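In what comes next, chain A is part of two complexes: it sits with chain B in the first one and with chain C in the second one.
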Partner chain A sequence: MNRARLVRIIGTYGVLIALAALVLFGYLRYDRFLSYYNVMTLLRYNSMFALVALGMCFVIMTGGIDLSVGSVAALGSVASALASPYGIVPGLAAGIGAGLVAGLINGVLVTRANLMPFIATLATMQAASGSALLLAGNQTVSVSYESGFTAIGQGSLWTFPIPTTIAVVAYLIGSLVLNYTGTGRAVLAIGGGEDASRLMGLRTDRVKFLVYVASGGLAGLAGVILASQFGAGQPIEGVGWELFAIAGVVVGGTLLTGGSGSVVTTLAGVLLLGILFNVLNFENGMGWISLSAYWQSVIRGLFLLTVVLLQARLTRRRVGAL
Partner chain B sequence: MTELPRSYADRDAVARSFDLFGFLSRYGTVIALVLLVAFNLAFTRNFATMQTLNVNLTQVCTIVVVAVGMTLVIATGGIDLSVGSLMAISGALAPMIFLGKILPIGSIYLSVAAAMIMSVLVAGLLGLFNGWLVARFRIQPIVATLVLFIAGRGIAQVMTNGNLQTFRVPEFQWIGLARPLDIPAQVIIMAVIVAAAAWVLKKTLFGRCVLAVGGNERASELAGIAVSRIKLAVYGISGLCAGLAGLIVIAINSSSDANLVGLGMELDAIAAVAVGGTLLSGGKATIVGTLLGALTIQLVRYTLLANGVPDAAALVVKAGIIALAVWLQQQHRG
Partner chain C sequence: MTRPPDGPSPLLLDMRDIQKRFAGIPALVDASLSVRSGEVHALIGQNGAGKSTLIKVLTGYHRKDAGQVLFEGKPFEVHSPHQAQVNGISTIYQEINLVPLRSVTENICLGREKRRYGLLDWNAMHAEAERLLSRFSIGIDVRRPLGEFNTATQQMVAIARAIGFSARLVIMDEPTSSLDEREVGALFSVIRQLKAEGVSLIFVSHKLDELYEVCDQVTIMRDGRTVRSAAMEEIGKLELVAAMLGRDVAAVEGHATAFGERDRSRIGHMMFSARGLRAGQAVRDVSFNLRRGEIAGFAGLLGAGRTETARLVFGADRANAGEMTMEGAAYNPQSPADGIVAGMGFCTEDRKSEGIVPEMTVAENLTLALLPKISRNGVLDEQRQREVVERFIRELGIKCSGPHQKVRELSGGNQQKVLLARWLAMNPKLLILDEPTRGIDVGAKGEIQRLIRGLADQGLGVLMISSELEEIIEGADRIFVLRDGVSVTELQAADANEEKVLTAMAHGASASSEAAA
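This part shows the complex of A and B:
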């Protein structure tokens, strides 16, 4: 097999291979690793991150970035917790609506005011965080348990966690949109070369606007699940989510320069990072080593470093600054 | 083709008429600062006191120190997300040394000196690591520094096992508490760093190279500038600044909490740089602007808080100011 081909295969399937290897390792080493309880808990908890990473993936593919997702999720969780006494639908609508508004602002700032995505979403991040604190009155907001709102995060559909179902559906839609619609192809085209895309007649501003709105909406949805799963709207949650989402997207093999990427490998990237901690917990449980929870971020960082170095070696693509 | 390209002609026409956006993007921060001071003099009680000045200056110090390093990084077209985490590492390491947890040093002065030098140096080395990733592997700065953003705080937490370290060591805490000539020590440190960095950026070969790299990396390389070395240096300096800021924070607090030291600092520093008028795409930078930017953001926050607006609302206002400042910058360039 020649080198170029090997490089391409590792670039595309590397994360899937790593994921399979990690699962196999866990299965062989720990008794309950593939137990129903462990798998479902893992999937339920990581659904929020998967949703945020999906939106981030689209934004990054256009060559942008969305730093606001964490605080937007926090805002969504507060909004949905406040609306939760009125039922599931109002709760969902409030959370997603708050996210969409934030995404809309990002979209306007990036496409109309021509701000760099990085700085526009940084501003929105602070604004969303402030709004969440204001809405919540500087404390966590309990959700209503009578209205059935908690089913979104805690319930199961045919023994499958509802948040996971939501995430799977979202990824299916995301994958279809990316691969089979004009908008999806335009996302990649814009990331590959925005000026060229515009000259080709693509409505670049509209597509960019859409990805930021979608990212906001998905972050809002993640916030709804957060509130529902933990029984409270949490204005100070979501710190650092944006960077974990970016890490998931990068580990999934999507280039941060835009123009290439895949929805499925992003999901694999998020799962890989999630399972890594699960393995760590099992390892602690076996008593051989004792790594505190703080090691998680160190390992996450090392993992990101490895992937980034591999990508830099493998893709040999000259990347511009920022 | 004897005719000028249209865009040049347009630009000339704009230059002749009064360039509102250019004016605002150049002096906007100063105007905002003056307006804020005027507003406070009129409406905020007890504004014109030494105490108000000291409160604002001491609060803004760490942001300015970090933002100076950030300005240099941004001037090369990069960004450093890891500063907050590096602050946490240096803030965690210093007490471990001067409290004698790592190795016992007899003299308190020696151990404090060792603590300060070691922790700032470690932060600087980690900054060099960022620079190495950016320069050697051509990894985008935002990703390269993301590694230490995530891992760095984890390292600090692992070092201290997440525990709060409290101490009462005047030999160390002068850096945040002493007031020679009634001026807080950290304000003097800040002033020295700002002056030094402004001089370096304006007057030295290194400073010109930093701006050249940010203006056009390829051209700088062809012109014989050691681009990689410049990048290594700015990330290293940014690390040193973050390390120093970490020390100031723990000295003020008399304690070091790896979970909290420097949390969100990268955003404050970037905001100060952006509001100060440094181009986020690199090539044009102003250290004094960064100082004014940090002061403006701090004063906005103070004004709102002093007039009974909740802190959360101040965040929203801050966001608006950042967006507006960068938008003005953009109009001028476009």
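This part shows the complex of A and C:
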């Protein structure tokens, strides 16, 4: 039936439709919503979250979770800020390296020690946060403005923000890996049935390990952008990033239990949440009503719930139950 | 592969004196298995005899404690199913171990993806999946998630996956338990092709006729030991069953099932009736009825609409048209809750995903649906729970270490009993049993059948769906044959025989219903 097909398409790409609707709403209601400045600022700022959500998306597709991404990003920002006087490459290497180490630890804890991902990454989250504060000496660490390090977060390629370019490239690679490599398909298979995947001869532990390492590395990269964009390594930043990333992934239609998901719609999910922030700020700017941060939070929560409920309704028939 | 023209082909696999314990409890005591090249080797034994454990030792899922494995003459030591696959051993497990959320193609091709420029070549993989399935004359959209297809198709996908690996040894652990006769026929012809190509097969099945049809050699296991190994033509069916059960030949003679003769005078008044049920494509026009204390059998090929009809009766799905009455009153269930209130119980076909909760204990599983009744002010009355649980463990003969053993650890037959007990504890008037003995060993099967009969004798109305013909013919008091969603024939037990039921399943039988076509 065409109707069933239509419902499925809406279910899968619902987030894209919601995104388009929100953009249209903003465009019609606020004069400068689609101005060059607003769009570029929005894209630049949300690139970090997009990178973190990309890693989270892969972890969630295996049926796991990575709670450590926020504090790993903070750790990455401190590490890269400390390395920034030596140039762009050392700055990048330090931040990503710190993230990879954290991801490696997560991977070992989950696949070798057989810890639940929730617990393993909760522990790493605490440890990474502490390490960031120790490394930074309990204060923000200014980055070097002479070495060119700030270009990563503040620069533009032609007119496109560099962090956004990085995010777009990362998503392209992510999408390629997920859809066109055996490892990518194994990620989904493991989330859909780990024991079955193992019996099918897939190297489940290896794939899970890789996914946590990737998530850590991407969080570290987000940390580099954070430090570069705001001019300082920020040991206490990153709080709640993991939840934002999870929200983005889920709004993007990826099953929280794993086994089904998409990289492209995750990006759309992150953008949707980012644009919602932006819209609420514009609304305040119009001066008719004044939404406190608290009310904004409530509205974001309700919005998230609405999107997820709509998706659940549309895709419910996918998995039959008695 | 070249073979010597005369004499037996060389040994491909030689497993000797394999031992394996789980938490101190021996699963394999002294198991041996030798398979020659190009041979179809039956591995049989009751549930718990150690067949699956032996296979999982071979495929590297479990590590053996002692013993020796030679494969192609060389010591064989693998530590993961992946290594076994790489070494030419491909396995289809008893429970379908695939990923329902992923596409058919992925389920078939994962682990040996086709690549082009280093990236997955989806077109080639879809084509490969279609090619493998076409060997079984299955033409489905391989891009759709596997979970959208029925159990039989999923099983065929699992088989297609296994043979796609061009293995030296293919292991099939009860591959036919969810297949209909046509599909079994397709499977057997593929097995013969593989055999002709020099591939060896280990075939685990509880269906004896199948073993005689395709197997050359048989190894019989009991209580973790290999008790006998022989050429198939040298051993009779009765002898086989006796060796499996460890009993005398004389003790197992007689009926194929354990239902026994029924005193039909005890069947009571009309309890339930359904007329002209229709729902979607699967159920088009089904009418039947059921008396108190009667066992009504639903016969039909897979896809005939048996399970779908049962779901309508129970309220799991809603009918588009038709009427139902229960105890004289109109009955129109909107949900399983309505069905339960009206006195229905439903043991589903798929124990694993719709029935038991494997991680919960026997007691918890048994009283899951009963909780409101054995709770006081929302708090579980443990004393009453214990009474109920102990009663059913005793009455149904559930073999477990106690009420607090996890159901996961029980054999298939005992899991089924727990499921039965759960519904019986609700005190239903009408119990629907969908494939009640599927995947259960011979001994436990007989127990379940006797149990069903005993329940009917006590006045319970039973609607039994079964793909095993003898179970329907010997067990049911009346047989309703379904074909393509239409109830085509009703047969009384007295004049039902295999031929009549098969004819109705295949052709739609009686002259009166042929006019509709």
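As a working rule, the second predicted complex is superposed on the first by the 300 of 322 C-alpha atoms of A that agree within 3 Å, B and C clash if a C-alpha of one lies under 4 Å from a C-alpha of the other, contacts with A are read in each partner's own complex, and residues count from 1 in each chain.
Definition applied: contacts are C-beta pairs under 8 Å (C-beta built on N, C-alpha and C of every residue); 3 or more make two chains touch, one makes a residue touch a chain.
Being a predicted model, the structure only gives us computed values, none of them experimental.
A.B. asks: Using the overlay on chain A, decide if chain B and chain C clash or can fit next to each other.
C.D. replies: Clash.
A.B. asks: With both complexes superposed on chain A, which partner does A:247 reach: first (chain B), second (chain C), both or neither?
C.D. replies: Touch partner of A:247: chain B, not chain C.
A.B. asks: Just to be sure I read the superposition right, which of the two partners does A:189 touch: chain B = first, chain C = second, or both, or neither?
C.D. replies: Touch status of A:189: second partner only.
A.B. asks: Determine, for the superposed model, which of the two partners chain B and chain C contacts more residues of chain A.
C.D. replies: Partner with more touched residues of chain A: B.
A.B. asks: Touching A:297, do we find chain B (first), chain C (second), both, or neither?
C.D. replies: first
A.B. asks: Look at A:176 in the shared chain and tell me whether it touches chain B only, chain C only, both, or neither; answer first, second, both or neither.
C.D. replies: In the superposition, A:176 contacts chain C only.
A.B. asks: Have a look at where A:119 lands relative to chain B and chain C in the superposition and call it first, second, both or neither.
C.D. replies: Touch partner of A:119: chain B, not chain C.
A.B. asks: Which partner does A:197 reach: the first (chain B), the second (chain C), both, or neither?
C.D. replies: second
A.B. asks: Now for A:130: first (chain B), second (chain C), both, or neither, which partner does it touch?
C.D. replies: In the superposition, A:130 contacts chain B only.
A.B. asks: List the residues of chain A that touch chain B in one complex and chain C in the other.
C.D. replies: 318-322
A.B. asks: What residues of chain B sit close enough to touch chain A in their complex?
C.D. replies: Its residues touching chain A are 76-79, 81, 133, 137-144, 146-155, 157-158, 161-162, 217, 263-264, 267, 270-271, 274, 280-282, 310-316, 318-320, 322-323, 326-327, 330, 334.
A.B. asks: Can you tell me which positions in chain A touch chain C when the two form their complex?
C.D. replies: Result: residues 176, 179-182, 185-186, 188-189, 191-193, 195-203, 255, 259-260, 318-322 of chain A touch chain C.
A.B. asks: Contact residues on chain A for chain B in the complex?
C.D. replies: The contact residues of chain A facing chain B are 65, 109, 113-116, 118-120, 122-127, 129-134, 138, 239-240, 243-244, 246-247, 250, 256-257, 292, 294-302, 304-305, 308-309, 312-313, 318-322.
A.B. asks: State the interface residues of chain C toward chain A in the complex, per the touch definition above.
C.D. replies: Chain C residues touching chain A: 59, 61, 80-82, 84-86, 91, 93, 97-102, 106-107, 110-111, 113, 119-120, 122, 145, 147, 161, 311, 316, 336, 348, 354.
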